[in-house]
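All chains are identified by letter, namely A, B, C and D, in their written order; residue positions are counted from 1 within each chain.
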Amino acid sequence: MGRLSVNLCGIELDNPVIPASGTFGYGYEFAEYYDINCLGTFSFKGTTKEPHFGNPTPRIAECTNGLINSIGLQNPGVDKVISEELPKLKKFFNKPVMANVSGFAVEDFAFTCEKLDKEEQVGWLEVNVSCPNVHGGGMAFGTNAETAASVVSAVKKVTKKSVIIKLSPNVTDIVTIAKACEAAGADGISLINTLLGMRIDLKTRKPVVANKMGGFSGPAIFPVAVRMVYQVANAVKVPVVGMGGVSSAEDVIEMMLAGATAVEVGAANLVDPLASKKIIEDLPKVMDKYGIENIKDIIGGVK
Amino acid sequence: MGRLSVNLCGIELDNPVIPASGTFGYGYEFAEYYDINCLGTFSFKGTTKEPHFGNPTPRIAECTNGLINSIGLQNPGVDKVISEELPKLKKFFNKPVMANVSGFAVEDFAFTCEKLDKEEQVGWLEVNVSCPNVHGGGMAFGTNAETAASVVSAVKKVTKKSVIIKLSPNVTDIVTIAKACEAAGADGISLINTLLGMRIDLKTRKPVVANKMGGFSGPAIFPVAVRMVYQVANAVKVPVVGMGGVSSAEDVIEMMLAGATAVEVGAANLVDPLASKKIIEDLPKVMDKYGIENIKDIIGGVK
Amino acid sequence: MKDVKLTIEGNKALTKDVYKMTLYGDCSDITAPGQFVNIKIDGLYLRRPISVCDMNWNELTLIYKVVGKGTLAMSKMVKGMELQVLTGLGNGYDMADAGDKPLLIGGGVGVPPLYNLARLLIEKGVKPTVILGFNKKEEIFYKKEFEKLGCEVRVTTVDGSEGVKGFVTDAFPEDYTYTYCCGPEPMLKAVYRTAKTSGQYSFEERMGCGFGACMGCSCKTITGYKRICKDGPVLRKEEILWED
Amino acid sequence: MKDVKLTIEGNKALTKDVYKMTLYGDCSDITAPGQFVNIKIDGLYLRRPISVCDMNWNELTLIYKVVGKGTLAMSKMVKGMELQVLTGLGNGYDMADAGDKPLLIGGGVGVPPLYNLARLLIEKGVKPTVILGFNKKEEIFYKKEFEKLGCEVRVTTVDGSEGVKGFVTDAFPEDYTYTYCCGPEPMLKAVYRTAKTSGQYSFEERMGCGFGACMGCSCKTITGYKRICKDGPVLRKEEILWED
């Protein structure tokens, strides 16, 4: 076990760096480019019961040190993910992968997770409750403690794999939601998903993304992410996977000091396809600089 | 009336640019530097019933395109503001000023507003409900629709001046809170206050600000601010004062397209003391570029 | 795809707001005409996609129009500065279908990628007819460059200030074997409707990554969902699905 | 206070991580020794405060230690580059109280502002004694420069590798009329306790604005709340309130 290794819900990771869902596809675009086995793991594109095309384009807006996306969960549906994507993945990635799952009703989540539960290469289910809840009036599942917890309960019934619940930051009280999920059996909490944001094009006077609003992420949101990771890590006993704007080895260390056991890297992969690899390569020297022998020692180490 | 003028709750402003509370003191630091009568108005430092020193230092942390502050409402208390600051202000500012008011209990707000109601130079009361509610368990007033509305009701009873309620962005549902405040009689809504954020110093492993967390603002938060201004402006009939990361004339126009009647400029004043003045000077040429004859025509003009 | 540092060799205005930038460095991953590069610009978060106008060994030519912050910053760059560039993005044009009389149609800043295509076709012994569409005389660029290659060049201007008055579709020749096309979507659609042959059409979309990872640039086609950045930007006429 | 563009004339290392930068331009708002400037650095949001080490007409000297992103960026800047600088911030030292044998005490990067003070005192005909405290020999800078001014210079090093072994308080002279002091807070406190005279102490605090607008740098004093950036950074011994 190297000095970078961490244990996430019982599975040892060579390092805590995990490309975030939606920014790493199902891995090949990056595998064409570098050997992605250097990663701790990665979280694949949010997968749903049915295939989805997602929202109309434009789906992307530039922001100061970040971007807005309104992809809208484009994915081929869980059956195709299992029949096509996972077999392809096996050829170039020999570690457990994190399966990111979304849905629009509690049963959707359970349906998709039950199918993925049978897939050997899936190490963890990362259950993203930031999507609008069609039965709950359109507010996201993740903005209400009970509905978030109900998703956890439903999913836990159908899988033996670790369930990591991914929370939305667009809430008044992230701690109550995280605790409700832990009580419902979540094996880990990952946060933060994107902040709800909007940009308007001054020339056309139209919102830049066709869907008007979208998810804002990138370095700009890092202070909000650190705060929420800190709050949640101090309130739950299960491991926390931290993310939101992480772009450097220093950012990884700051997230871990705040309480993260592992750290996801999202938008940074889009502007620099080598970002996650570079972060992993930089970690040892940055750890040396700050006198960190083993990275797991600093988890929650903020004084 | 120039092409920059807007009407905010019955008072005509020469232009929509308003330095935000907490970033402009009581005006003199800037008045030493330029004639601040060029401003639409400005919102003075959050004033409370009693004097407050605020939080321990360090109170400031650098962020990517922003900063965290945990000033903690340092101010000399409403009596001194009335006896010392306002008379000084009168000498170099000949427009109505926006009085920013805070409190830790509903009666505090009413007490302070009642006193400020008698001050001729006060044009609007900007009531900031982002501070922790000591009677409500420490969560900010502004994170709950009923408590926010109860502050509005209490204040409206003791003043004839326009009451602009300033909302916190750290909430699940800003629209419900804004509507509750409107129903309680608010004459305007201003938003956003700072996002709750945190940074950790890698060397000392301590939070950078002594108070651990603080308010995050600056260009990084602009997309969140535009989104909330858009949501609220579409839900209420009273004018919205938009702010959060505004640093250029283009940003002012984007905020106004989103629905703001006037726009506050916060952090930008701290890194460039001339920021607000420059924005006002830039507005006409940026309006020309985008074919805007009168700035009031674009309020809420997003398509 | 390769992320390389390229050094600016030249950067000059061709018209009031269209610039030509030449860059020097490793261009080995650019393998087909019609591909694009994605440029990191200091102070901006997303990279800016620009089509390859020409590529010769280690020299890359880009032509771009100043429309916003990124292209404005580019227009101010000078010789010797370095740019971080992701090269070799997108599928590019397939020259196998050209036939012996291909028609190349470009509108505005859709013109640049056709230059590389025209040059490579001529090197293969195929002489394309090129239609270049602009709004007015002052906006015309690269007409001479195409002529120098030995193409038959037709220019259209909307106001008639030079060449044929009207749109690119007003200058179609009688005879052509295939169409290659790049320009604003309304132009692509007009060409699609007018062209008597099959063809390849290059599309634009706002991009997150430019290399297929984010699904930011997806579009629906007859053969399923495609990413403009990876499965495009060039789509075959047969697969195009116009959404409105 | 004035926000000016200054041009870098020189920037060189004095020790492993302490640099001296000289800048040229309008320094007219710097009116007292011990004032500071606040420097805009590309890519960083807040400005970085650095004390005036010396100022002569249009030439400004700063000495800074590389501790983080901002000072690292500064250390890489070269002659000819321009910096946006807010000048003339803070109250500075009041020389009226010096008497005829003032003691100037600096520790580490607290040394620089004392240079300007020493030079101005000497110009007034007052010869200060200067104690410069460092950790070890390799960290010493500006000893010769103070000597050249004509000051009596005492150096202390914690490890005894040069000068007096120990802290600045171990090198106090018998006789002095006043103390001027700048350095890390523990040093200020030690001097406060040791000094037999009144004096002026320069403090540091994280700053939002640097010119009195944000209340980011407030501290409690015996005479009420003060902003380090505007009412300080120099406090009189009589008003200092140690919080711990």
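As a convention for this text, a residue touches a chain if its C-beta (ideal position, glycine included) is under 8 Å from a C-beta of that chain, and two chains touch if they have at least 3 such contacts.
None of these values were measured; they are calculated from a predicted model.
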{"item": "Length of the shortest touching-chain route, subunit A through to subunit D", "value": "2"}
{"item": "Chain of greatest Cα-centre distance to subunit B", "value": "C"}
{"item": "CA centroid of subunit C to CA centroid of subunit D, Å", "value": "58"}
{"item": "Chain centre separation in whole Å, for subunit D relative to subunit B (CA means)", "value": "36"}
{"item": "Distance from the mean Cα position of subunit C to that of subunit B, given in whole angstrom", "value": "47"}
{"item": "Separation of mean Cα positions, subunit B and subunit A [Å, integer]", "value": "34"}
{"item": "Multi-partner residues of subunit C (at least 2 other chains)", "value": "none"}
{"item": "Residue numbers of subunit A (touch at least two other chains)", "value": "61, 63-66, 219"}
{"item": "In the complex, subunit A residues that touch subunit B", "value": "61, 63-66, 68, 139, 143-144, 170-173, 195-200, 202-207, 212-213, 216, 219-224, 226-227, 230, 245, 250, 253-254, 257-258, 290, 298, 301-303"}
{"item": "Subunit D partner contacts - residues on subunit B that touch it in the complex", "value": "22-25, 29-30, 32-33, 45, 53-54, 56-67, 69, 71, 74, 208, 218-219, 267, 269-274"}
{"item": "Residues of subunit C that touch subunit A when the two form their complex", "value": "1, 3, 40, 44-47, 86, 205-209, 211-220, 225, 230"}
